[in-house]
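I've put the structures underneath this note.
Common to both upcoming complexes is chain A, partnered first by chain B, then by chain C.
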Partner chain A sequence: MFEFDVVTLSRLQFALTAMYHFLFVPLTLGLALLLAIMESVYVMTGRTVWREATQFWGTLFGINFAMGVATGVTMEFQFGTNWAYYSHYVGDIFGAPLAIEGLMAFFLEATFVGLFFFGWKRLSKVQHLVVTWLVALGANFSALWILVANAWMQNPVGAAFNPQTMRMELTSFAEVLFNPVAQSKFVHTVSAGYVTGAMFVMSIAAYFILNRRHVAIARRSLTVAASFGLASALSVVVLGDESGYTAGENQKMKIAAIEAMWETEPPPASFTLFGIPDLKSETTKYEIKIPWVLGLIATRSLDKPVEGVKALVERSEERIRNGMAGYQWLAKEGGRPNAAVPPELEASMRDVGHSLLVKRIRPDIENATDAQIHEAALSTIPDVPVLFWSFRIMVALGFYFIALFAAAFYLSSRRRCGKPWFLRMTMYSLPLPWVAAELGWIVAEYGRQPWIIDATMPTFLGVSNIPASNVAASLAAFVLFYSALAIIDVALIVKYVRIGPRDEAEPQRSGAPVLPAPAPAQTR
Partner chain B sequence: MFDYMTLRLIWWAILGVLLVGFAVMDGFDIGVAMLHPFVARNDTQRRVTLNTIGPVWEGNQVWFILGGGAVFAAWPPLYAVSFSGFYLAMLLVLIGLILRPVAITFRDKRPETGWRETWDWLFFVSGFVPALIFGVAFGNLLQGVPFHFDQALRPTYEGGLLGLLNPFALLCGLVSVAMLTMQGSAWLSVKSEGEVSVRARRSGALAAILLVLLISAGGLWIMLGVEGFRIDGVIEHAGPSNPLAKSVTREAGAWLDNYRAYPWMIAAPALAYTGALVAALAFAFSAGRIAFLASSLSVAGVATMAGFSMFPFLLPSSTHPSQSLTVWDASSSKATLSLMLIAVIVFLPIVLAYTSWVYYVLRGAVSEAAIRRGDDYYY
Partner chain C sequence: MRTRPLGREIAIALGFKLLALVALYVVFFGPAHRIRVTPAQMVEALSATAPR
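Moving on to the complex of A and B:
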C-alpha cells in the first residue's frame, strides 16, 4: 500500500519541508506585528522600556526569520524540482502570484529587516518605526500572495485549458486574486500567525514573571500580547476558512470528510461534535450532533443542504465517464498548433481532470472497466479519520486560545498577572499554536487529495520524471539537515530567552558580544 | 498593451535584468562568503566581513527567489525542465542557500572558537558551491541538456549529476567563481578597512585577471568546439507556447550567429572584459568604489554575453534539438506576460528606490575598532 515511488517520496518531501517551513512563518507574521506595536508605544510614550522590549523580541525574531527565509527557498524551488509536470501545466497561473510575492512583498520585508537590526543608531525614532512597520507589512503581503497561489490549487478559478499548449492558462487574474477561498484562507492564516506570535510573547513573559526577572518588560509584553492574542484568536475561529469550502467540488468533499458525513445533511445541517468514523461501513458511530451549526459554518445559511461523501462520489463517477470523450480527443489532437476544442466536447473537457484519476489504475484509461471507474471515483475520498480528528483538535485549540487570552486580558486590565499556576499554564501552552497551525495545513492539503489542483489534475500526475533514488536522496538530506538546524535553532532561542532583554532596571550579567547563559532559573 | 512577440522579447530582457540583479547583488554576498575564511584571519576580522553584508544579505537573496518566481511565471516549461533536470545540483544549491542565512545568523550566537570556525567554513561552502553550480549550469545550457517531451508536454530528463560536470561546464563554473570572487572583493574593499580590505583588493585583482583569461578560453571553446544551436527556417514569433513545432540544427560556432547578425551585441563581451580590467586596475590603486562599479558592469557583461549568444534559445536539448526551449515557444500566455509586465513596471522601481535608500543609510565601512567597541548592533 505504501510504495516508495516518486509520487509518495515527493509528497512526503513536500509535506515535511512545507510543515517545517511553517514552523517559522506564523511566528514571523505575528512577531513582526507585535514588534511594530511595541515600538509604536515606544515612539508615542518615549519610554525606553518599550524599546528594550522591542529589541529583545527582535533578537528572537531575527533567529526565527533567518530560518524562515532559508526554508522558504526550498518551497519555491520544489515545484520545479519535484513537480515538473504540475509546473508546466499550471505555471501560467500559479507562477504569477509567487513572482508578485517576491516583487511586492518579500523584497520589502527582507530589505527592511536588516535595517530593523542595524538601523537603531542610524535612523530617527520615527524612521525606525516606519521600517519595522514595513517589515510587518511585507510579511503580511507575502502571506497574501502565497495563499492566493495555494487557494488556486483548492479552487482553480480564472483559468482554462489550452489544447495548443497542453496546459492551463490564465483567463482572469481578478478571479484568481478575489478567489473566495483565497480571502478566507488569508484572514484565517495570518490570524493564526498572530495567535502564534502572541502566545510566544505571552509564554516567555510568563516565564520571566514566574522567575521574577525583567518584570517591567515582561508585564508590558504580556499585556500587549494578551490583547493582540485575544483579537487574533477570535478572528482565527470566527473567520475560520471553512467558509470557502463550499466554493469547489473538492472543497465540498473536504468538508464532508471533516464531518465524516457519509450521507447528505438536509438543511439546516447539524455539526458532528464527536464520533468514530468507520470506513468499512461508511458510517460514523457514537455521533454527538449539534443542530444547525454545520449549515451556518459551511453554507452560511439554514436552508441549503450539505452534501455527503456518498453523493459526491457518485458525482465524481459521472464526471469520470463524462470526461473520457474529451480525453480521447486530446490524446489525438492535443498539441497541434491550431487545435481547438469542438463545441460538442466542451462539457466533456471540463471533466477530463476526473478521467485522469483512472491513470493511477491503468494508463489506457479509455479501456477502463466499470469497476475501475468506480475505484477511481472512490479515490476522491480523502483520509476521513485524519481530517475528522485534525479538524476537531484544531478547533478545540482555537477555543482554548480564546479562553486563555481572554483570561490574561482580563487580568492585565486589572493590572494583575495571575496566579503562578495560570502563568505556568500560559508558559506550557507555547507549542500549541504550532500544533493547531500544522493540523490546519493537514486539513487543507491532505484534505485536498487526491487532487494537486482540485478537479483538474490528480496529484500523482504532477510529479517530475526523475528516478525515485534522487528523491529518496534529497528527502534523506532534508531530514538530516533540517533536524540539525531545528535543534540548533531551538537551542539558540532558549539561550537568548534565558539571557533575557537588555534591561536597564536589571544590570547585564556580562559584557558583549556574546552573553553567557545566566544561572538556571530559580524554581518557586 | 504589446503584441505577443514583443512581450516575449521584453520578458527575455527582464530575465536578463533579474539575472544581472542577482549576480551583482547576491553575487557580492556569495563572493564575501567565499573570501571570508581567507581575507579575515581572526574573529574580529571575520565579524567585519560578515557585518559588511549583515544588514543586506536578506534583501539580496530575494533577487534569487524572485528570479525563480519570474521563471516560473513567465517561462513555465523552462522552470519545469531545468529545475527537475538539474535535480541533485539544485539540491546542492538549496543546501548552500539555506546554510548562508543560517551561518550568518548563528555564528555569533556562541563564543566558542570551534562553533565559530565551523560556521566560518560552512559560510564558505554556502558561497562556493552555489557559485560553482550556477556556472556549471550555464555551461550545460550552452551545450544543451538531454531532455525531451511527450505529446502531453511532460518533460523527461535523461542525464544525471555527473553528466553536468564535463570540462566545458567546469570551465564555466570557474568563470562564475572568479567573477563572484571579484565582486565580493570589490564589496569588501569598499565596506571594510585595514588588513581585510588590503587582502580583498589583492584577491580581487587576481580574480579579475583570472576572469579575463577564463572568459577568453570559454569564448574560444564556443567559437571552435561547442556545438551551438540554430533554428531552421522560420518560427512563428507569436505562436502558441509549444516547443514541439520547430526544427533545429547544431553546428560548432552557431552561438556566434547573433554577433554576426547584430554586431552591436559585441558590447556585452566588451563590457565583460573592460569591466574586469578596470576593476583590476582599481583594485591596484585602492579605488574601491570604482572597482565595485567596474566589477558590477563586468558581471552584467558576462551574463548578457551568455544570453546574447544563445538567443532565442533558453534551454537547448542535446538529445532532441528540435524540442529545445526558445523565447518564441516556451513562454507563458499573453495574458500572464502582460500582467506580470505591469507588476514589474510598478514594483521594480519601488524596490530599487527603497533598496538604494537602505544602502544609503548603511553607508560607510565596517571597522575592526567599531566591532571591538560593540556599541552598535553587529553579528
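Moving on to the complex of A and C:
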C-alpha cells in the first residue's frame, strides 16, 4: 500500500498538477489547428459560414486557453521546494527547454492568441489567417520544449555528470533536442491533441445536429473534424508504435511491464492482447497473444528476443554490484573542487544510479547483502497491472477513435450526418480522448519508476528534506484550487456551447454575441 | 460601450486564477520555502548513514 511520506506526497502532487494541466493542453493543440483549417477555408471560399464556425470554436478555444494558461506553472513551483535535489542534479539541462517553453508560450502563443481575438476587425482576412496559423504553431512548439525536457528524464542524452558540482551538465544541446525519445513523444503527443480537438468539435457538432440548431455550421464542422480526426487518430497509432520502439531501445523494463512479460520472449516475439497479470506467481494468466507483433514494435525485427522482467532484474543486480566502486569513490571524493573520475572507475560510474537504489533499503549500501541487492533490483519493476491495463485501454480507445472518425468521414463524404444513435454515440465520446491521453501519461511516467531520471537517479533521492506535512498542505490547496478552476471551466464551456455560434441564419439567443461583430455578410 | 459577457467572465476567472496562484506561491513556494542544495549537501545525501 502507499506510504504517505514526503516522496509519495511529492509524487502525488506533481502527478495531480501535471494531469490537471494536461486536460487543457491537448484541446489547445487540436483546436488551434482546426481553427486554422476552418479559417483557411473561409479565406479561400469567402463563405461567412466558415468565419462563423471559426469564431464559435475560437470562443471555446479562448475559454480553454484562458483557464489552462499558467496551470502548468505550479509544476515549476514544486521543483524548488519539493524536488530540490533533483533540481540541483539536472537544473543545467532541464532549465533550458523549460525556459524556452516559457518564452514561447508567453511571447509567441499569448501574443497571437490576443491578435486572434481582437484582430477580426483590425486585420485583413489573410493577416488574420496568418495569426491563426501562428497560434497553432506556437502551441505546438511550446509542447515540443516540454517534451524535450520530459524525454531527457526517459533517456538522458547530451549530458555528463560532473563530480565537482555533483550535477549533470549539458554537453550537447543538439543531442538533447534531437533525442529520439523527444521526437517520437512529441509527434505522438501532438497527434493525440489533434484527436482531442477533433473529437471535441465532432461531439458538439453532433449535439447541435441532434437538436436541429446551427445545422449549417455543425455539419461543416463535423466534416472537417471527421477528416482531421481520422488522419490524426491513424497518426497516433503509427507514431505511438515509434514511441514503443524507442522505449524498447532505452527502457526495456517499461516494455516488459506494459506487456506483463515475466520471461524473455523468444523471436519472433508475440504481443499480449489480453491477460491477467498475477504478481504473486509472476505469470500472466489467460493470455491471448498475437504472433510477431511485439518483435516488430520493440525491436523492428523478427529475429531478436524481447527481454522479460526476470532477465532485466538479473541485469539490474549486476549493475548494482558494478556501481558500488563508483559509489564509494563518489561518496568520498564528490563535491571536491579537483574531483575527477579515475579512468578505471568510469564503467562503474555509469551504474552508480543502480547502486543508489539500495539506499532505500539500507543507508550504508556498500555493506548490502545479496538479498538486499536482489530486493533493490526488484524495485526496478514498475507497477505491472497498472501499466498493463492503462496501455491496453489507451490502445483500445485509439482504435475506437479510428473507427468513429472513419464512419463519420464516410457519412460526411456522402453528405449525411448519420442516424441519431450514431450522433449520440459521437456526443458521448467527448471525454474519451482525455481518458486516453491521461492513460498515456500514466504509461510514460508511472512506467519510468523507480527512476526520476532513467537508470541515473532514483526518484526517492530527488526529493527535498522537508516535512511531509508541508507537501500535504500544499497538495490540499492545489486540490481546492484546481477543483474550483475545473468547475469554472466546465461551466463556461457548457454555457457558450448552449448559446451556440453567431449563426446568421438563426435568430440570436440571449447572452450572445461573444465576439466582435463580423464584417458585412458575404456570399454563403 | 457594451461589455461582452464572455470577456468579462474570462477576466474575472483569470483574476481569480492569478490571485490563487500568487497566494499558493507566497504561502507554499516562495523564496522562503525554497531549498538550496550545494554540491556538499548532494554528497551528504548520497553518503548519509540514515535514509532520507
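Here, the second predicted complex is superposed on the first by the 496 of 524 C-alpha atoms of A that agree within 3 Å, B and C clash if a C-alpha of one lies under 4 Å from a C-alpha of the other, contacts with A are read in each partner's own complex, and residues count from 1 in each chain.
Please note the rule applied: a residue touches a chain if its C-beta (ideal position, glycine included) is under 8 Å from a C-beta of that chain, and two chains touch if they have at least 3 such contacts.
Source: prediction; values computed, not measured.
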Just from the overlay, do chain B and chain C fit on chain A, or is there a clash?
clash
What is the contact status of A:372 with respect to chain B (first) and chain C (second): first, second, both, or neither?
neither
For A:364 in the superposed arrangement: first (chain B), second (chain C), both or neither?
second
Once the structures are superposed on A, label A:173 by its partner contacts, choosing first (chain B), second (chain C), both or neither.
first
Touched partner set for A:119, first chain B, second chain C, both or neither:
first
A:72 in the overlay: touching chain B, chain C, both, or neither? Say first, second, both or neither.
first
Decide which partner touches more residues of chain A, taking chain B and chain C as the two options.
B
Is A:95 in contact with chain B, with chain C, with both, or with neither (first, second, both, neither)?
first
In the superposed arrangement, which partner chain does A:356 touch: chain B (first), chain C (second), both, or neither?
second
With the two structures laid over each other on chain A, which partner does A:106 touch: chain B (first), chain C (second), both, or neither?
first
Which holds for A:322: it touches chain B only (first), chain C only (second), both, or neither?
neither
Quick one: which of 20-28, 38-46, 56-64 or 92-100 on chain B sits on top of chain C after the fit?
92-100
The intersection of the chain A residues contacting chain B with those contacting chain C is 62-63, 66-67, 70, 73-74, 77, 80-81, 84-85, 87-88, 164-167, 331, 334-335, 464-466, 470, 473-474, 477, 481, 485, 488, 492, 496, 511, 513-514
Using the touch rule from the top, collect the residues of chain A that touch chain B in their complex.
62-63, 65-67, 69-74, 76-77, 79-82, 84-85, 87-88, 90-96, 98-104, 106-108, 110-115, 117-123, 162, 164-167, 169-171, 173, 331, 334-335, 337, 464-466, 470, 473-474, 477, 481, 485, 488, 492, 495-496, 511-514, 516
Chain C partner contacts - residues on chain A that touch it in the complex
59, 62-63, 66-67, 70, 73-74, 77-78, 80-81, 84-85, 87-89, 164-167, 327, 330-332, 334-335, 356, 359-360, 363-364, 460-461, 463-466, 470, 473-474, 477-478, 481, 484-485, 488, 492, 496, 511, 513-515
Chain C - residues contacting chain A, complex:
4-6, 9-10, 13-14, 16-18, 20-21, 24-25, 27-29, 33-43, 45-52
Chain A-touching residues of chain B, taken from the complex the two chains share:
47, 54-59, 61-62, 64-66, 68-74, 76-77, 79-84, 87-88, 90-91, 94-95, 97-102, 104-106, 108-111, 151-157, 236, 239-242, 244-245, 332-333, 335-336, 339-340, 343-344, 347-348, 351, 354-355, 358, 361-362, 374, 376-378
